[in-house]
């Protein structure tokens, strides 16, 4: 895949070579499989729609990024995938999300089962006030996964690229780790449950640049086994890590009182950043607004 | 680049249903709700316990006689069931207590909130909590064995049992109640309000009394109402130090019996169940409960009001 | 030079005097209260210390002050503490968990529940005694036994346990719950494995303070039958007495010596309370997490 000559003129601050490196589809996978199919999804808190009529597909073993200005509903959207919005009493979800063809919000679906398969890492690292070991072991223990817990903990910590740093102090408090390490611990905790999908809501926004790079490298490695969806307000990050990017924006009602998030454009990342179809997307990625 | 989107169909091994209905979750919720019902049962129990014998009581003694009679002599022959002496006793002690607790408590609150340096606060606040933790029987002892003789030594002609001594000591006991709620209300007044007044050149006295206290007034009034309620409901201090003679008088130096002291004194004794004397416990208890209930509801409303405004 | 007005001069004398007088008034007011408290403590100690000895702690009460002790009363208080721990803490924490983690605030019955608890906290303690008299002693026919006293005190301090437990539970940050839910935990797993363990220091502190409050209560026990003259060691389903009751009984005796004995009993009671409060404060400082 070649970089078009028009690209540099359209992009500000995004290195086109980054986009070239990252395009993996040419080498190993001829087709992309849709893991999630979102159809006309609308989320309300009370009467106000926070997010309206979103339709897209999330592909297996891809990193998909949701970008957009603040208030455009990207966090609300990502929380629909693991039914975390259920924990907010006033939230109402309309529309469909199919996961492996099954409706995530079907009658008989148990949110607890959903969350076993679709894990989440939060913006602010939230390790439990327990030891490092107990943090990672929590998931396997409550889900009664078989096999020795120690092995699962080590595997998860290795996958999260944290093992070497903590192997000698597994019984230390998780709160004694640095911010970047805590976030990787949270990722390890999530991996220990062996999910299908990892959702990340602005995983690096509370971290310093070096930790951020570590997390992004992790995403590259993890996507071989897992499907990753991230929300980020950092466009460069999306350009660095994501295969597909969805751009959301805010639609203001006529009286100016209601702000609803809507999906503007969804495409492969290079397209979004070099030749977006919608002018609003172009305005956003070139920094003209947002 | 050739792409072919293929949607993943349902895989047989993926089920999003729970394996079995999580009935243990429902059991837990049920058990916890049952715990919560204990408090409901308590209130119901109190109401029933008070109402049933009272209804029987008022079928024998007319309510008019009860609430307007000026002689309380349930065990005498002929017996008289006018509750006014008990009410007067309660009122007397309560009034004395409030005359002590309200100014001193408010002063403590203003000092803590507007004047005290952090190190003084660190000593003062816990001391108030110590005061609040002393059992009322101890205060009763103090009133009878130290304060009454003290008053007599100073020249105030008080009886061995009297309402003045009990009232003053009760007032001291109530200082923490007034102080802590008032201080809480004053602390909720936003900094900006004070800063604005200071910036205009106000002195601490002016800012405290003209800005902070008025802004916190609903909380302060709530603390007063709660103190009154607690004074009305307090038993041991009056039982020990105020006396057991139910007489209708306004002279605090005389012995009096309050509603609470009457209930306690009768309850200690062996009153036959179902007798009219037994039922007096509940009739007076009902009167007491209603009075304090009304005040408590009022106070709680006031507290909610100031919390709403500033939080 | 003297033509320059003294803009930044001192406040007027009147203002300064008023400010100073007000400050003095405040300090005086506070001092009065603490002076009385101090006098109380000194007086109690002066009267009671001579009678503070093993006889007091080990003997049953008797008609003569030299031989009288508070043993049944002390034991009764201790047994009562134990029963309270078993009854008040689980029910109180359970109620707090229900209100904080399960109850939907919008529903009317949950709001009624909260208001009810607030009201119960302010009901005069003797009314609880009346409740006990009507239902337990005469109604259920339990009689004037230790268990009845403990049950009534449980109801009395339940609101305190509930309020302090709720605060401890509420202090656990929501991010911990979200993290646990996101791993596929059920609600009870989140509560039992994350929320409760994190809230235990606060719950323990609140429970100790509630118990300390209960220990000092006299009025309800008078009605539920802590007989004032109990010479034998108490049992759960038998006659009983408690330390505050014993103190009250001694105060009511005409002989002066008994009043001194009462003071000694008060010292013991205050000592127990001091230990409990200190324990609660130590617990709070040692284990309190700063989130």
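Should a chain be cited, it is by its letter among A, B and C, assigned in written order, with residues numbered from 1 in that chain.
Just so we're on the same page, a residue touches a chain if its C-beta (ideal position, glycine included) is under 8 Å from a C-beta of that chain, and two chains touch if they have at least 3 such contacts.
These numbers were taken from a predicted model, which means no experiment stands behind them.
Novice: Could you name the chain whose Cα mean is nearest to the mean of all protein Cα atoms here?
Specialist: Chain closest to the assembly's C-alpha mean: C.
Novice: Could you tell me which chain lies farthest from chain A when each chain's centre is the average position of its Cα atoms?
Specialist: Farthest chain from chain A, going by C-alpha centroids: B.
Novice: Report the inter-chain centroid distance for chain B and chain C in whole angstrom, where each centroid is the mean of the CA atoms.
Specialist: Inter-chain centre distance comes to 14 Å.
Novice: Could you tell me the distance, in whole angstrom, between the mean C-alpha positions of chain A and chain B?
Specialist: 54
Novice: At which residue positions does chain A touch at least two other chains?
Specialist: 112-113
Novice: At which residue positions does chain C touch at least two other chains?
Specialist: Counting only residues that touch two or more other chains, chain C contributes 186.
Novice: What positions in chain B touch 2 or more of the other chains?
Specialist: 22
Novice: Help me check something: in the complex, which residues belonging to chain A touch chain C?
Specialist: 82, 84, 87, 89, 112-113, 115-116, 119-120, 122, 124, 126-129, 138-139, 142-143, 186, 189-190, 193
Novice: Within the complex, which stretch of chain B touches chain C?
Specialist: The touching residues are 22, 24-25, 28-29, 31-36, 38-40, 42-43, 45-46, 48-50, 52-53, 103-104, 107-108, 110-111, 115, 124, 127, 130-131, 133-142, 144-146, 169, 172, 175, 203-205, 209, 226, 229-230, 232-236, 239-240, 260, 263-264, 267-268, 273, 281-282, 285, 288-289, 292-293, 296-297, 299-300.
Novice: Inside the complex, what are the residues of chain C that reach chain A?
Specialist: Touching chain A: residues 104, 106, 173, 175-176, 178-186, 189, 193-194, 198, 289 of chain C.
Novice: For chain C, which residues count as touching chain B in their complex?
Specialist: Within the complex, chain C contacts chain B at residues 11, 15, 18-19, 22-23, 25-27, 29-30, 32-34, 36-37, 39-40, 43-44, 47, 90-95, 97-99, 102-103, 113, 115-120, 122-131, 133-135, 138, 155, 158-159, 162, 186-188, 212-213, 215-219, 222-223, 228, 244, 247-248, 251-252, 259, 262-263, 266, 269-270, 273, 277.
Novice: What part of chain B is in contact with chain A in the complex they form?
Specialist: Contacts found on chain B: 1-11, 14-18, 22.
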